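Note that the chains are named A, B, C and D in the order they appear, and that numbering of residues resets to 1 at the start of each chain.
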Amino acid sequence: MGKGRLEAFSDGVFAVIITIMVLELKVPQGSDLAALRPVLPVFLSYLLSFVFVGIYWNNHHHMLHAVHRVNGFVLWANLHLLFWLSLVPFITAWMGENHRQTVPVALYGLVLFMAGTAYYILERGLIALHGKESPLALAVGTDFKGILSVALYTAAVALAFVNTWISIALYICVAVMWFIPDRRIEKAISE
Amino acid sequence: MGKGRLEAFSDGVFAVIITIMVLELKVPQGSDLAALRPVLPVFLSYLLSFVFVGIYWNNHHHMLHAVHRVNGFVLWANLHLLFWLSLVPFITAWMGENHRQTVPVALYGLVLFMAGTAYYILERGLIALHGKESPLALAVGTDFKGILSVALYTAAVALAFVNTWISIALYICVAVMWFIPDRRIEKAISE
Amino acid sequence: MGKGRLEAFSDGVFAVIITIMVLELKVPQGSDLAALRPVLPVFLSYLLSFVFVGIYWNNHHHMLHAVHRVNGFVLWANLHLLFWLSLVPFITAWMGENHRQTVPVALYGLVLFMAGTAYYILERGLIALHGKESPLALAVGTDFKGILSVALYTAAVALAFVNTWISIALYICVAVMWFIPDRRIEKAISE
Amino acid sequence: MGKGRLEAFSDGVFAVIITIMVLELKVPQGSDLAALRPVLPVFLSYLLSFVFVGIYWNNHHHMLHAVHRVNGFVLWANLHLLFWLSLVPFITAWMGENHRQTVPVALYGLVLFMAGTAYYILERGLIALHGKESPLALAVGTDFKGILSVALYTAAVALAFVNTWISIALYICVAVMWFIPDRRIEKAISE
């Protein structure tokens, strides 16, 4: 099977997820700067989630670029990833309104943890399909960054019960770490 | 007529349907685990519907992959399928909030029944266009799984008047049955 | 300029319009059949508008299929059409909740009138670009059906001040008239 | 890297942004013309923002049409542009409801300013990738119109503290100025 429609459908879902998040930014009642204050934390969690979804789209783009075909397992592994990403608008809004509360901040990390795990499963599925000598397999290797991210999400979920600011700092760390698209794959392809 | 834009438009509609469903997950008022409890049944119906729409996308993908062209009838049969699927977010939210009530659970089955029937009509339209000896026709055969699903939806609608849990169990059965993409077509193509 | 991205962007907008309309179907408060009754007129206007947007997508598909390139004027004529179609979800919800009131029913016709006119302008722009001997120009001719539709919308707007059911009947008439995709173009291409 | 998926993803985001804006047009409570009056300013800001997003899509279309490949920087510069455009529905609704208030009107200009700046960064990134002798670089030149727009947005933000109508007039001026797609690129390509 070709990868064309998988990419088209995923692009559609990514585009809708990244855009409907902004619907959670409720129009303020007042019309002065003070009216914007309650919107600010929701806006900042929107910004963080926009970067996360952008990172996933970027990495998804690079990964699919490096492969040639998909199978039934990959289709479902991809839907599994999109499922967890589709929860991002919900959990972003909840965390944005309750950024000092343990449960919303921990749950945000849990959704990222599940998305990170789902991405890893999709990656392994694509590598299994293309072989250990494929450009993707060589480029990704053991995927240290992917495993580190999932470990940091786990830590962030646990530390939300200590102080939610630690968790939020960890989320930002992971985002910064991934900000630069996966140069390993980019390099391996261009060689 | 080529099938390119039909696929692109359908991918767009599938992507929007599967993603806007999550808008029905209302952000909880509180910020503890107890605040999540009323969201749980809505979340579970979202999960079920996500799998259903994912199944339809998967099967749609396989079916269109096996054909070469479309005509006016196919365009409308496809829109007819998308119409019933577009009702899934509405009925998912209603069932999620009333999962022990006969009418919402039965109506959920009715929408699935109509979508299943619409898919069957689209399938027959494509087979009529490509001939009884086409790869699609040979792969699908009498479409036992499609007809069985529609029969199970009918049973689920009726049994919702006895006990809604029976209906929900039947919906899950159908989802599991279709979880694996249509290997018949995949096999027929790769042969 | 090629027509690829114009088609992709239009497909995206069509897909979003046709799907977000269903967000206006508010989840009923109750859980019995009586709770569905107030949803029924909104559902029926949703069905009517789904068919209208489907018709526009179908005709847009056929028309773009028959041409080879676009220019700046066509890009804006296309956006102009999409603008009026983007108002369909709003006016559909308003008419659905007030189907016996003059103003919402007349305004529904006005939006259709503007969309029909915008479609006509887009068609003329494409014909001007491809010449009077192009397959599109020969297939469309004077576009009797397009002009008749716009005339019927005008009548429907005026007659909404007499009785809204007449207007609604006219809308259904136009939908039925266009239900069959534009066979003239389809025929001209296949010849 | 090819530009295909960047275009597809951007088209998806543009399509969702331009269409969900209409969700901010709340269905009026009443059913007469008077009920529409409070919707009118929201409608007019919707119209203005539709034109702005349409202009960005048009220019984005032209710019990407003139280039052949993208890199990691361009991917992020593009996401950066989409981020600011994704705030347009929010700020459009707020300005629509408070078009005589300084803060919403100034903030509308700020979002346009950031989007204009992001577009400029994306343009410079693409030119850096393709070289100073590339068709894009020659067509764009110093991008006088882009720089003028950003200057006018700055003026509009400042003048909102004097009179919001001046700012709104400036927004309309910029929209009119860009209404005609970037003929410089179109001309350079066709030569």
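Basically, a residue touches a chain if its C-beta (ideal position, glycine included) is under 8 Å from a C-beta of that chain, and two chains touch if they have at least 3 such contacts.
The structure presented is a predicted model; accordingly, all values stated were derived computationally and were not measured.
Of all chains, A has its CA centroid at the greatest distance from the CA centroid of chain C. Matching CA atoms, the turn from chain A to chain B amounts to 90°, rounded to the nearest 5. In summary, the pair chain C and chain D forms a contact in which the copies contribute largely different residue numbers, shared numbers making up under half of all those used. With centres defined as mean CA coordinates, chain C is found 26 Å away from chain B.
Chain centres here are Cα averages; for chain A and chain C they lie 37 Å apart.
Of all residues in chain B, those that touch two or more other chains are 8, 12, 15-16, 20, 23. Listed in rising order, the residues of chain B touching chain A in the complex are 7-8, 11-12, 14-16, 18-23, 25, 27-28, 31-33, 35-36, 47, 50, 54, 57-58, 61, 64-65, 179-181, 183, 186.
Chain C meets chain D in the complex at residues 1-2, 5-6, 8-9, 12-13, 15-17, 20, 23-24, 71-72, 75-76, 79, 82-83, 86-87, 89-90, 93-94, 97-98, 101, 103-104, 107.
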